[in-house]
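By written order: A, B, C, D and E. Residues from 1 in each chain.
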Amino acid sequence: MKAAWLAASVAFAAALVALWQVAADHGLVSRVFFPAPSRAFDFLGEWAASGELWGPLAGTIWRTLAGWLGATLLGVALGAAIASSAVTRDLFEPTVEFLRPMPSSAMIPPAILLLGLTDGMVVAVVVFGSIWPILLGAIHGFRSVEPRLMELARTLRMGRMHRLASIALPNALPEIFAGMRVSLAIALIITVVAEMLSSRPGLGQMILFAARNFRSAEIFAGVFLLGALGYFFNAVLERAERHFLRWRPAVGNG
Amino acid sequence: MAQPIFAFRDVSVRFGATPILDKVGFDVAPEEFLCLVGPSGCGKTTLLRVAAGLIRPQEGRAEFEGRAVAEPTPELAIVFQDYSRALLPWRTVAGNVELALEARGAPRAGRAAEVKRLLGIIGLADHAQKFPLQLSGGMQQRVQIARALAQRPRILLMDEPFGSLDAMTRQALQDEIARLCKAERQTVVFVTHDLEEAIYLGDRVVALEANPGRVVEIVEIALPRPRDQLTTREHPRFLEYRHRLFGHLAKKEAE
Amino acid sequence: MTLRRLLLGLVFPVALLAAWEVSVRAGLLSEDVFSRISRIVPALLEGLADGTIVARTYETLAAALFGWAIAAAIGIPLGLVLGLVRPLERLTLVTIEALRPVPSAALIPIVLLIFGFSLELDATVAAFACLWPVLIVTTGAVRGIEPRLLEVGRALGYGALARIWHFALPAALPGIAVGLRVAFGIAIVVAVTVEIAANPRGLGYAMITAQQSLRAEVMYAYLFWIGLVGWLINVAMIRAERHWLRWYWAARGAA
Amino acid sequence: AQTKITIGYTGANTFVPAFVAKDKGFFAKNGLDVTLTRIPVGSTIPGALMANSLTVGTLTAPVFLAANDNGIELVIIAGASLQSKANPTAGVVAKTGSAIQKPADFVGKKVGAPGVNGLQDILFKKWLKNHNVDWKQVTFVDAPFPQMGAMIQGGQLDAALPVEPFVGRIVGTKAGYLVANYPVEVSDNYLESFYAVSKKWAQGNAAAIKGFRAALTEAVAFAKSNPDEAKKTQITYLGLPPEVVAALPLATFTVDVQPAQVAFWLDMSREFGLVKTALKTDDLVAK
Amino acid sequence: MAQPIFAFRDVSVRFGATPILDKVGFDVAPEEFLCLVGPSGCGKTTLLRVAAGLIRPQEGRAEFEGRAVAEPTPELAIVFQDYSRALLPWRTVAGNVELALEARGAPRAGRAAEVKRLLGIIGLADHAQKFPLQLSGGMQQRVQIARALAQRPRILLMDEPFGSLDAMTRQALQDEIARLCKAERQTVVFVTHDLEEAIYLGDRVVALEANPGRVVEIVEIALPRPRDQLTTREHPRFLEYRHRLFGHLAKKEAE
């Protein structure tokens, strides 16, 4: 049943691409704006065959994952710190609240000045841009521990570490995961933007070069690849989430 | 009465300016099954939390074996009224019961067997690997009871543990708890707002009135044990106790 | 208490800014790269006084608002349909999941060919980026509507359209509101990104030209300003949400 | 009536005559109502010309040819600057202490170019090729002009291909030294940058193009006789600090463009595989 | 018995392959207060949903005044068991009650007065402007009852309306509902799993057994009205009914 729906869903996506192909073949859409998707796939094949693809693909993947994992670790640690006492909260929360809505792309020009056109710069911007959902999730998750459970911990005389490991962290986990999911998409997007603006070898740069040379088909090749990459990342994370959060009743996702 | 194991001594609690409990005082004898009834909001839960050391009363104190209860201790196990919040949703049924064993440092080797034994008692042996959110309310409540028993407490404090069960399961569990506590010679303080449940289970029933919570009557229940859902409830003395306590509670409610 | 909180909250930013100023003055940090607070603040004030910052802000916000409105106009109805018609949602799942992570910046060159340098360029790319959160949140919110509510509608004799209007839409509104708020934040990020990468208008353009003209202090002035604007908008939207969805927040506040 | 045109220019000092023509009213005199817009990223200009958000855009040949090669039809209406031995404004700068002296020394090194496959990049490759050095053994890194100095200093680059004022800055801070003015060694007096419009617009606006050229010619003459005043336009239009402007020499300006000047670029672009279709130089320059 | 106003005719319901209700059939007389009891999960709610027209049975049918009930109609008001889901959280208490008036097109002018009257009856006059999520469970349930009354239904279907109330409030509302329904000559079908509540309230009690749901007994309750919480429950006939019905239910449960 599930497999059937997945197949139908894939078929639907394929049908949309086919429709586009037909429109392009009959000149119904501009060759410059919307080249035939087959040409984009040709490019993908060419890149894969020549080996040109793998370096940038690996570069984008590593920068995305490095930034995202960095954001996760930092976000959870910072979240635990902020949630742990009223003083740390008062100390950091206003700064967090101010920085959070800051458009991460606006950080790229100063980041270039400070860190140069390095992978470190890209990763730093990715961390900055993708930490917020995780941080907010972690703060909320750590703070929202059911008071009844804290009372239970007191009654059982549980130690600080036991409490953190057995109660606080598992309690925050669903929200941390939710944040991580949002962050992953953000991390990928920021990586690409940062690669474009800093010309680190990656998919962003490939798209930039294609754009500089007005090669729409190559741009779409990059877009398809990024779509696939994002889909894949998300699927893997969803798996992990389903495993770690199996105690939660399935949310009408059947 | 034997030397009390536990006692409330003129306990008064206020939240802000509102007095909730006003000089509540009574004893609990060892091995006694004591029931506490009163209208909703009269302070039953509050009193139980004082007993567990979770709240410090503004005046008076709770005493366990003659010493004031200042902090929660594993010797006093509490079964919370809002059961759905008192379980770790990310641990299985067995894991939740095991938590109490971990906390009291029970040797790792024997834990599984002990958990199994406890789940057998409350009739959840087949559900050991389920997570709390996969259970009905009544089953969750029973997990809490098993965890409290795993603590091997000197006193078991229960706050309306059967409030959410359907009538049949409720009656079955009433009988099971009564049997168990008498067999294990467990001292129990049992809160309920169901008068008939209190009479059916208790050795004594303490009735509280509301606004502020005060003891209005303490009734010694002289019904034979083991009790029976049909005959005990039709026993003339049962009706007499019911009549007597009802008067107090209904009167206070009406005001 | 609130004063204490305010002061504590200022400790971190003030320390940071002071450290910045001091290290630049002491020559530990290059002034070309870091500028310094005592240059940045006058640059900001000057830009505000002569109206350039205001004009640039207007350009960015207008584009973000336009793109956001397009996303809402497409995303909410589509989300309602996908949420109410389960098979349709399943059919489009892969398409949506594959389009969602496409970095909107990748579309800039294509959209540029269509719209050139214009508000529409910012807005179209922003709309693409905002569409997904709005769509997904709306679908989820509609699917999460309590079925009992729709039954109440039926039992009271409301027709299908009236049920969507009176029951489904209000029930989904808190979820949709969160989606819209998140989406507006994204709209601003994207608008600024497009301006940095291509479009010669708005705050992003001002920033990148300042950087290229070796005017670090102007660039930082814009950075602070963008942070401030983002923050203000976020605060305003939360306020609006709490006002319009009082029923939802009243209960959350009480809980 | 005045013809309204919008000129999009990049942050280079080669477009000073346009600033002068605007400030001194030469455009207005020739029937043009001009708006000048600064474009931070030059490669976006062809798209903007296509979409009519710009009427005239300043371009370099590689971008211009790539656009035409991919169906974005543009034509040159006037030249902007030449690169000449008399006034070289671009060069290759190597990290101080790197011992790079001649073309062969670049093998295995990292060189920062502003836009891979851009103007500097192609000329540098051509220069290496002319000296029988295989440019494929050199690693090219995309690096914007303002960052080149820091990247050389930070060790991310062994060398870079800046233009003025960045050449002077890098050499001035002793972070690097000038190895060669490679562009003028490839060719003297080649067409460095120019003004282009979409082919469609050019077809209907012959008079405006004529006026545009006339205005620029006048502006070039003015700049020659009043270099200081001409330089000052960069403060307004490029946002450069006055001290930078004063130190910066003016470029070698030009207005007329001959198809042969474009042929130089077309051949080189074909050589490096950047142009694949059959473009004809006659179609690329407006009459 | 008078001509029935409502009847179940051999109603059978399956969810998937599991039979839930098996040929359930009985009548409801005009002005009758009919109580339906049975163990948890026996299909009481399902049967009530069939009566309301929310579910179509696989076999048999529900008849209202001789015609089959195919669709929900405002003439049959239902008070849902899960009260917290059956109220519109974005409408105030008054707004929720008014919904029923809107639905039956009551003239705008009289609505406020009518809402006030109804809230008075259920004792929530002081809470008219609160939102449902700000109320306790029992209060929410009472709002639902008021909304059902506002419908002016021919038959009132109530699904364990007092399940979540504390004993005192519950008893007070039992008396209030009994008084109201007799005074207004309202026909009622009342579901509960509390045997004593059923006997206390009903003119007749229909007992269902589980797996699948089937009628096991119908008892005519010959207790005098008005009834009284103390004396009625001690009436010998009350105990007799209780004894008789308990046998059925406990037996089924034990299997």
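Going forward, a contact is a pair of C-beta atoms (placed from the backbone, for glycine too) under 8 Å apart; a residue touches a chain by one contact, two chains touch by 3 or more.
All values derive from a computational prediction rather than experimental measurement.
Listed here as common contacts of subunit C and subunit D: A. Just count the C-beta contacts per chain pair and the biggest one is A-C.
If each chain is reduced to the centroid of its CA atoms, subunit A and subunit D end up 38 Å from each other. Note: centroid distance subunit B to subunit C, computed from Cα atoms, is 52 Å. Chain centres here are Cα averages; for subunit B and subunit E they lie 32 Å apart. Subunit D and subunit E have Cα centroids separated by 85 Å. Shared interface positions of subunit B, i.e. residues touching 2 or more other chains, are not present.
Those residues of subunit D in touch with two or more other chains are numbered 47, 50, 72, 144, 150. Shown for subunit C are the residues that touch two or more other chains, namely 33, 109, 113-114, 196-197, 208, 211.
Chains touching one another, given as pairs, are A-B, A-C, A-D, B-E, C-D, C-E.
Taken in their complex, subunit A has these residues touching subunit D: 31-32, 112-113, 116-118, 198-199, 205, 209, 211-216.
Of all residues in subunit C, only 4-5, 8-13, 33-34, 90-95, 97-110, 113-114, 129, 143-144, 185, 188-190, 192-193, 196-197, 203-204, 207-208, 211, 216, 219-220, 222-223, 226-227, 230-231, 233-234 touch subunit A in the complex they form. If you check the complex, the residues on subunit A that touch subunit B are 146, 148-149, 151-152, 154-158, 162, 166-167, 170-171, 173, 245-249. By the touch criterion stated above, subunit C contacts subunit E in their complex at residues 146, 148-149, 151-152, 154-158, 167, 170-171, 173, 245-248, 250-251, 254-255.
Interface residues of subunit C facing subunit D in the complex, by the touch rule stated above, are 33, 109, 112-118, 196-200, 205, 208-215.
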